[in-house]
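Paired with chain B in one complex and with chain C in the other, chain A is shared by the two complexes that follow.
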Partner chain A sequence: MVPYLFLAPALIGTIAFKLYPIFIGFWESLIYTSFSGGAEKRIFVWFENYQYLFDDKIFWKSLEITAFLTIIINPLQIAMSLGLALLLMRKSKFIRIIRSLYLLPIGIALPIATIIWGLMLDPNQGLINGLIGVFGIPPQPFLVSENQALWCIIAIATWKGVAFWMLFLLAGLEDIPKQYYEAAEIDGATPFQKFRYVTIPQLKRTILFVFVADTAANFVLMVPMIILTKGGPLQSTNVLIYEGYRSGFYYQDWGRSLSIITILTVITLIVIGLQLLFLSEKNEGIKVK
Partner chain B sequence: MKKILASLCTIFLFSNIVTSAKAEINFLIGTWAEEPLTPFVEAFEKETGIEVNIQTFPFRDLLATIEVRGNAQADDVDVIFVDAPLVPSYAVRGMIGPMDEYFADTSVNAIFAPAGIAAASWNGEMYAPPLNNSGQLTYYNKDLLAKAGCAEPSMIEAERVTWEEIVDCAKKITDEANGVHGFIFDQISRYYQLQALPESAGGGSGVCEGGLSVKGCLTNDGWMKAGQFYYDIHNTSNISPKGVGPDQTHELFGLGKIGIFVGGSWNNGRWADTDLNYGVALHPYFEGGKVVTGCNSWHIGVWNHSKQKDDAAKLVRYLTASPDVAIHYVEEHNSLPAHNSAILHVAEDPKFNNFPGIVMNLATYESANHCATRGRTPGFLEFEEIVNTSFEDIRNGGDPASVLADAESRIESSMRRYK
Partner chain C sequence: MHFKRQWSVYLWYLVIFIGLIITILPFWWGVAASFKSNTEIFRDLAPINYKAFLPGFSLDSYFAIFENDFGRSMLNTFFVSITSVAGGLLINSMAGFAFAQFRFKGDNIIFGFVLLSFAVPADAIAIPLFKMMRQIGWFDTFYALIIPMLANGLIIFLYRQFFLGIPKELIEAARVDGLSWFGVFWRICLPLSVPVTLGAGLLLFVFQWESYLWPLIAAPSPELHLIQVTLGRFSTEYEMVWNQQFAASSIAGFLPLVFIYMFQKQFVSALTGVEQK
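Moving on, here comes the complex of A and B:
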């Protein structure tokens, strides 16, 4: 009984602030609000809102963009975070300063970072076009181009996120006993072999955590869309979370909005479940213990 | 000690009772209106003893806040700013209440111009009386036009400039290498201003008769022509720059980087401190088409979930029906009047016959004679958002026909809630 009492505050918090809102969101996604005849009517329609959604090409386009963003941004951020963490493990008398510099983006709130990047990416007066102009590259449209806008958002989110995820990986790297590397060196392992057979297996738990947390975070990434692109141009940055937000807060179509959010929640759970399945301990390559 | 404590408690309780006896209402307004309205709100407080808490929001946040508060049926809001075309939407969803009973002792026709009353009403009832109006004009940089050898657009109706003439001249002015463009809209990619294009091309407002459908009304020939025009000026002739937001357009014109700027009367005072050598003319139209300009502005309504509707209505009437407020708005903020007294003031005061004051006179003329009321539909919120996004997509290179077809199907789907 005592252990349950200790767990109770966390459990109550999880139920009240996580599970209950998810349930309410799902329940409301089954409601259709009509203003027919000038009066508000809430009608329980079972899965009709979902049916409308599946017939809606905006939804499918949005799903496609979300999938594309997820496939690109998560491996990119983790690879960059890991690369950065490995670089910052190197011995140097300036390492503390360099580490602090790399951590700077964490201290800048995402909306502020987005606004600053928005100014730099301005196609007419932005700094980036000025910089690339030095190398003879013509001015780019960036956020107003259907083909470049999502990549710009990936760049902004990566600039902001990499340092944060790097912190966890850096902690994981610091935690790997030095003897493993010494033993590998005695066995004549190359730097790549040390990375492949010592670092990666030892870092697997940390990478798994970062992968899951980063994926969940990027599924709800919408600040740059709200501030910079409004889901455009031509819906090229209209991810599911933004479409759900827009349906609810702009159009007041809460049935549609919450259907989208419910689907996004299910997708997130499936993706995270798959990550846990394929990256969990039992699939580990070798154990160096 | 006990006595002191008891006395303090009594004083505290008494002060609370006194405080709570004083009526207090919450007023949600746009940030731009805080400065002009505050002196009149203070005068209202002094006159009535009702305390008014002004809460300000930027344009988009104001609309979002009203939606969120409406959805929660919040009773901590009493009076709100209402964008003219949203009157039907708020009325149908029960967010604002009818105001006729609060104006029963007078004739609203004697107070407000007919277009203002029309915009304030839905199903024959007046919901949100107008605070001000708006009008669109053509501003031009005299130096850039002279350099390009263009004739200056006219203030005379018979010589009103056409969109075709604007494009011809803007092509001559445009010098992209030096960041100079021939033309720009003030309210880039916003339905409020761009509605004039399809209307002039005979395409209507985009909303079909009855206000519950857009089928065929957003993809007709007039809208296609307007869409193609908007595409061309940004993607073919490149007379208008991309990537510039509505907040930057007047600054570009003020910096001498734009030849012709079609925008609202409120811009007039913005260039007073610059060296800009500019003139003003009537709004353009398509050759052979209808003469149409954007109009209507902000209204004020009583929040339907308010517990103090009578006090709220007093404030609404004080701010909208008072000639002093209307004239102050004209004089100090270049805001076009919706109040008959202020319209008369603009017509009679000689300073409005000369530049730059004549801007108010011209805009009043445009609004009174060529006003295109925005599409009347309870689904205006969705309609406007999707149309704005579509114009932005066209501006960024989207094919006008497919973008407008997409928009039509999207809006039609969202309108099902009102049918």
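Moving on, here comes the complex of A and C:
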């Protein structure tokens, strides 16, 4: 009895507010709410909401943008944070202060980063257009351009994300025993060989964790869309999570909203499952210890 | 050979320097501009000159944001963050204690659920959770902002790992002396767990201080606005009033940064699960 008493508050909280909502989300996606005659009427419609979705061009476009964003942003963030973490492992007089400065964006909330970068990227008076003008580059439209808006959001999220994910990679790198490198050096390993045969295998678990967590986080990236682009211009930043948010909160179409969220959750689980399947299998092959 | 080595060092400094500029530029510019009038900000930018990077001397923007209800949202955020830290630390450390101290029916399955819960991104369940809050009548109250955010799988996990390291003999001795299980938890285990508690508390604090989407949809009344929501509101309502957006961002960004730097070691340990030396 005693253990359950200790467990109860946190367990009830977890089930009620973290796991149960997933089921509510699915359940409500099977319901159509009509407002005819001023009265709210809920009708159970099985998978009709999904059927409508599959006939909807906006949904497919949104799915396409989500796929594009996922394919670009996750490898980009992992590569940059790994590269930077390796650079910051070098010994230098100033390394402590340099590291601290690089980690600054972790303490900055995404809405703040979004607002400041939004002003920096302002097409008329923004700092970035001023700076590139010094090099003779003409002013760019950035967030108001169909072709550039998504790239700007990728840049903003990466500015914040790289610092955060690098923290895990740095901790992982620090954890690799120095003797492994010394042993490799005695065997005459080149820096690249040390990276390939010591760093990568030792860091594999951390990289896998960061890759999976980053992917999950970027599937629900929508703060820049809410604050800056509203999914535009011309739907160019309208990712699934934002389309779900907009369907519910702008158009009160909760059936559609939660169908989209449910589909996104399933996609997220499948992608993460595939990552774990493929990447951790390889892990068994190159065990060094 | 020596010559080549020198070059690699210079190259390293060059790359690091460019990266630093990109990292710091938004902070520097934002804070510098928060002390200027809007006319000054725009004048320094068109055409751009070095003055854009020098701070101004005016506090007008800071006074102005407090006239626009920024103080209210700061107080709200303090209240929500502090209650979340206190409540979250208590219930999650209790759960961690249960997982570390006892073998009981279903313990592995329940622990699996806890681990599963922290793989669920908060933003993904925000919309169904919002519907749930409306059904149970917590919508647009402080309850909705605080209570669903208390249970946290990561923090349960951190406490469990820490409590597993406390010697069994210590706990058995206390039990023989007649201390209740709650007494063991409260008077022996919890006081030992200061490092975990610092890190976990900081995580909970930063999590609430920086949350945006959930407070935006769960508590839309202006009296309940949290700091990030107010910031978002500034950026749409006062779109051309740049200095106020900068001032509000500077204040909102300052506190978590100070805390994180004060307790950097504990914060990183809590987040990454790797003990910092």
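Basically, the second predicted complex is superposed on the first by the 268 of 289 C-alpha atoms of A that agree within 3 Å, B and C clash if a C-alpha of one lies under 4 Å from a C-alpha of the other, contacts with A are read in each partner's own complex, and residues count from 1 in each chain.
What we mean here is this: contacts are C-beta pairs under 8 Å (C-beta built on N, C-alpha and C of every residue); 3 or more make two chains touch, one makes a residue touch a chain.
This structure is a prediction, so every number in the text was calculated from the model and none was measured.
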item	value
Which superposed partner A:F35 touches (first chain B, second chain C, both, neither)	first
Partner chain(s) touched by A:V144 [first = chain B, second = chain C, both, neither]	first
First (chain B), second (chain C), both or neither touched by A:E185	neither
More chain A residues in contact [chain B versus chain C]	C
First (chain B), second (chain C), both or neither touched by A:G232	first
Partner chain in contact with A:Y251 - chain B first, chain C second, else both or neither	first
Contacts of A:P123 with chain B and chain C, given as first, second, both or neither	first
Contact residues of chain A, present in both the chain B and the chain C interface	249, 254
Residues of chain A touching chain B in the complex	32-36, 38-40, 52, 56, 58, 122-124, 141-146, 230-235, 246, 249-254
In the complex, chain C residues that touch chain A	12, 15-16, 19-20, 22-27, 29-30, 42, 45-48, 52, 90-92, 94-95, 97-99, 101-102, 104, 107, 110, 113-114, 116-117, 119-121, 123-125, 127-129, 131-132, 147-151, 153, 156, 181, 185, 206, 209-210, 212-213, 216-217, 228, 231-232, 234-236, 242, 245-246, 249, 252-253, 256-257, 260-261, 264, 268, 271-272, 274, 276-277
Residue ranges of chain B in contact with chain A within the complex	64, 67-68, 71, 92-94, 123, 179, 241-244, 378, 381-382, 385, 389, 392-393, 395-398, 403, 406, 410, 413-414, 417-419
Chain C partner contacts - residues on chain A that touch it in the complex	2-4, 6-7, 9-22, 24-25, 28, 84, 87-88, 90, 98, 100-102, 104-113, 115-120, 125-127, 130-131, 133-134, 159, 163, 167-168, 171-172, 174-175, 216-217, 219-220, 222-223, 226-227, 241, 244-245, 248-249, 254, 257-258, 261, 264-265, 268, 272
